[in-house]
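Note that the chains are named A, B, C and D in the order they appear, and that numbering of residues resets to 1 at the start of each chain.
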Amino acid sequence: MSAADLSPFNSPFAAGTAGPSVRAVKDPFHGDLLEVSMGPQHPSTHGVFRMVVTLDGEIIVKLKPVFGYLHRNHEKIAENTSYLGSMPYTDRLDYLCSMTTNWAYALAVEKLAGQAVPDRAQYLRIIMAELTRLVNHSCLVGFLFNDLGTSFTPLLYAFREREKILDLFESLTGSRMMCNYQRFGGCRVDPTPEWLAAASRLVDNFPRFLDEYETMLTGNEIMLARTQGVGVLDAAKAVNAGITGPCLRASGYNYDVRKVDGYGFYPRFDFRVPLGAHGDTYDRYMMRVLEMRESVKILQQAFRDLPAGPIMDPKSKLRGFRPKAGEAYGRTESPKGELGFFLVSDGSPNPYRYRVRPPTLINLTLLEDMCLGHTIADSVVILGSIDIVLGEVDR
Amino acid sequence: MESLEQIRDRLLARFPGASVTLVINPGAAAEHSLLLGAAHAVEMARFLRDDPALQLDYCSNATGLDWPDKEIVETKKLSVADPAGGPAKIVEEKTKRFEPGYLEAVYHLYSMALRHGPVIIRLRTGNRTDQVTLPSFTPIWRSCDFQEREIFDLFGIVFAGHPDLRRILMWDEFKDHPMRKDYVDPDDYEWEPTPHDRVLERAKAHYPVPPPAPAAPVSPTPEAKP
Amino acid sequence: MNSSGLSLLSAHLPVAAAADGLLERLPLTLRDTFVQWFPAPTQWLLHHLISIVGILAIFGLFFAFTTVAERKLLGRLQNRLGPNRAGVPKFSFLPFHLKHKLFGLTQPFADAVKALTKEDIVPAAADKLLHFLAPVLVVAFSLLTFAVLPFGRNLIPVELDAALLYFFAAGSATELTIFMAGWASRNKYSLLSAMRALAQVISYELPLLLSVIPVVLVAGTLSTQEIVVAQGFWTFGLLPHWFIFTPWGAAGFLLFLVAALAESNRSPFDLPEAESELIAGHLTEYSGFKYALFFMAEYFGLTALSGLGVTLFLGGWQAPCAFLQFIPSYLWFMGKLVGMIVFFIWVRGTLLRLRIDQLTRLSWQFLVPLALINLGNAAFWALTGAWSGPLQIVRWAVSAALIVVPFVLMGRSLTRGQAPRTYRYAT
Amino acid sequence: MLGSGIIKGLAVTAKNFVGSYHDPARMVTEQYPEERPKLPEAYRNFPFLVTENATDPMGTLRCVACQICEKECPPQCIYIEKSKDKKPDATGKPQLYPAVFAIDTSVCMSCQICVEVCPFDAIKMDQVFEVAATNRFTGLLLNREQLAKPNSYFHQIHPTDAHEVDTRLAAERKAAEEKAKAAAAAKAAAAAAKPATPAPATATPAAPKPAAQPPTPPTA
């Protein structure tokens, strides 16, 4: 991609207006436009999210996302809490993948404090992160089909599998979703061999679920008609708008922070990054399915190679943790995209500035561009394929 | 990737009259950054994005920082030569210096095409009250769109050139900027008889007629914490 | 049904008359004994009233248990248990495991109590009259269609010569009420839903009718009872001559199924109340009993269309084998009806929803041409009725080809450019 | 051919329908009030206070009101008031005790940080999850008496963890006793005339856990 031809906006947005304007109604066969407020209470906005949609018939001519209904100023709370005290709050950012949010935060703090992490903990982190990816992606594909109008069947199949992983999380960390597992310099608890065996069995069986799921849905004619060519996202535009994660890769742009930054022990693992070609909803769905298959591979390698040893760095401190003054930006590939934590320390026990770079909020930047010209039914599908979690969007 | 010094020098050479300063990060991460002068910031950002060696096509993170006004007491040790010819006397001289605060916008830039980064650039406002306008980078990197709106919302930095600068997380009628360090949260909280009754005290003060205390508490409700 | 019609039917049906056992005649016997207690001039009225009450009672209960069956079936399809809590705690003579739960079979009655006791909310800006009329009319219209369905050999509420025409006239009126509900609610979602309902009814009325016409053409009658009678033969007493077992009939049945799904607003054509897009569509502003009425009407419509499908293609009340005729015909009808409804539930548990433009395109570009071709196919079948021996094989082959080839070709053009993809990987 | 994908989908749902009757991997539903969920040992819900003795819970609280958990609690749901006097703890050492110890479980987010930071193993996570109350405030504001649960209960819900804690505490106590004995012997040897003062400072643990040690792993 050449940067020069990357005109910032191909939409009328660039003209200094507040987004693409409503088409002027001239001919008598078109009546008035209909403005519908979808959300904050709507079955398909995945939480308290609102889209102000202007419709011409069923076609969207304007769409404005409205945020903040779940805003609790997570960053301010974190600035008034110790470094450790923010860890359970990060669980609640993206409540579907608390393990990866934990890791992203721990990574940023470790970077800030120059903290080392033992090998076993690194492996455990990868195991947890990839299990979380399975949880998140299976949820997402389930919810996507709910948006597409199934009567919950794919969602409940996905939830059935997710349930098994959450049971594992519960037996390890004590909680199904709010795991609070990572610590600065390691992990909180060490899994037993029985736990590892159970997890390994689950991972080995996971592709069977994926196969069945794909048999049911990937070749379904209605699914193909509803998703192929819907919500096409251009790669150059996506890069400029900071779209990350499976949404970006569905557009064919090869960028995976696990590969690029090689954080944790990811460079030791052999996995591939699936890439889409069309950037439409179907590609975004398939990216999730294919990433789950790659995650299974990573997990199998991790279970095979998991070293023995301590899970906490002996120099790490639980209480009275005061990193030196400075700042650090740590980013990870969360299941939803690039999740970053920007921390500024002034040497006190609380962070001076704590900032979450939420992948889903920024992935919503192009929601309007993707929805324009499609029908209202497509807009919920496009929104579903972006995979948002309002805990993270609104913070 | 080039070092920050090289980037700074190239920027200075390319944009004469612009101010670019290297800001050293003393922490373990050692992620140093470039402080750009607001006057030429947009051109410099476009240069950073379009330069073939850098191609910082992806702005990962944009955020604000609040540095409140500070009163700094500096102690200087002066050796005053003794007029009597004896050994030099050391006199401590205390100077009070008022350092005005400012708001800062920090951008973390990466190159997706060349897979390098981050290059961190910062912009600073003149003060925290009336000179809070900074140029918007949204026309350069659209990913700044929501993030700059968020900075405007939570910190109060006004981004000139942003196409749609509205509050994003707080409601439109909200007055203050909650992420500023001197933000005072309102006292009209819901009345909750929790042991941590700092909130409770303020709620009581806010509402003219406090609701009655819950009848027959199960546990001996602890006294207000001093 | 008046007595002359009955005698006329019996005259046509020597086989049927022979099979008329005690059970078969039981509903009629009961009715006649009851009616005889009243003076003769009122008897015709009572005849009809009993039919109406019978339909209301039986299909009311059928509706109630369809809802619970749907929820339980969907539950099992989705690896859940479905509703299994509502029970009858006071019935102490039941065995213990049944006492409290009764497999959740009393759920619909609990639902009914809940719907009746909920507050009836009417939006302030709504058109009050239409908002009230819509649920009333939708139930009325959907009940009308039951009048011409032959539930058994002797059980048909009204014997009409043009029964099919009546059925479609009454059935399509329900879509009007959806429009009424959507328009009167003054809700944007409801309005969108109303528009969708209209587009859908216009699109799918045609393939529904066109899928039925071949039956009329072959059977040579519009009377539902006579269409059933026309299917009442067996080869070797085992293979029924139902229309679904002919190439044109199978195609017609499939077309009918799709169109019926669309007509009754069932998944995958449940666009008027697309939950994920329009919240509840035209039902958004309805609560309590009015909502329950809509719900009821939807199931009545589904049941009636299923009954029509059974009548037209699945041999109506005819037994599948000659020796199974000892089972009363109305039980066969109910069995087939339940089978159809279970299929609809199964489809609902599997498929996703089409978009409105795809819905109309499917109708106009695929179903209507295919139904027209099928009409020609049926005409060919009717013309070649005299062929026998090896010609019979030719007749079957030609008829099958006439429907399979257009289906494959048109299906390919309909789904052009849409196929599962393969993906590349970066390492 | 058009329709093949749909038929495949119907086949999968049919398979699941049949599977839901015989395959426990497909039918994962638990019928809750009759079937109790099998909680894993690590399961955590709300904190409780460990007492040594079930018969005298308030007298044998392990908590010494050091207020570390109160400080570290992220949502600030713990409220402690120190006692004015001192009571002998299990080892007979005079310690402060919490005059008031309240946890607002409507605020608690079950993060277990109080357990991790407690140097006395005095606060642990409970597994009771049926905590519905009719009053949002007082009903969920648990006081000292409601929070105190005996060590035997701790053994019951987290056997591995409890065993480890008990072994460690026993070792610490033994060490402390020996130290005290040695100190007494030394004192006797020194034959100092001044009266013996209690050795430990008010809120210092007898032998605090090494700071670098990872938090107690609750799983088996």
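Quick note on the criterion: a contact is a pair of C-beta atoms (placed from the backbone, for glycine too) under 8 Å apart; a residue touches a chain by one contact, two chains touch by 3 or more.
Predicted model, so just to flag it, every value in this text is computed and none were measured.
Shared contact partners of chain C and chain D are A. Distance from per-chain Cα centroids to the pooled protein Cα centroid is smallest for A.
Set against the C-alpha centre of chain C, every other chain centre is closer than that of B.
Our note on geometry: chain A versus chain B, Cα centroid distance of 27 Å, whole angstroms. Once the centre of each chain is set as its mean CA position, chain B and chain C turn out to be 66 Å apart.
Annotation: 44 Å between the Cα-based centres of chain A and chain C. With centres set at the average Cα position, the gap from chain B to chain D is 40 Å. Residue numbers of chain D whose C-beta contacts span two or more other chains: 2-3, 6, 9, 12-13, 16, 26, 28. Shown for chain B are the residues in touch with two or more other chains, of which there are none.
Residue positions 153, 157, 160, 216, 219-224 of chain A are each in touch with at least two other chains. Within the complex formed with chain C, the chain A residues making contact are 34-36, 42-44, 55, 57-58, 145-153, 156-157, 160, 216, 218-226, 228-229, 254, 256, 259, 272-278, 282-283, 286, 290, 375-378, 380.
Chain contact summary for the complex, chain D toward chain C: residues 1-3, 6, 9-10, 12-14, 16-17, 19-21, 26-29, 31.
Chain B makes touch with chain A in their complex at residues 25-31, 49-50, 55, 57-61, 63, 65-66, 106, 108, 112-113, 115, 118, 120, 138-147, 154, 163-164, 167-171, 178-179, 183.
Within the complex formed with chain D, the residues of chain A that make contact are 81-82, 84-89, 91-92, 153, 157, 160, 163-164, 167, 170-175, 178, 180, 183, 186, 188-192, 194-195, 212, 215-217, 219-224, 310-312, 314-319.
Taken in their complex, chain C has these residues touching chain D: 73, 76-81, 346-347, 349-351, 407-408, 411-412, 414-415.
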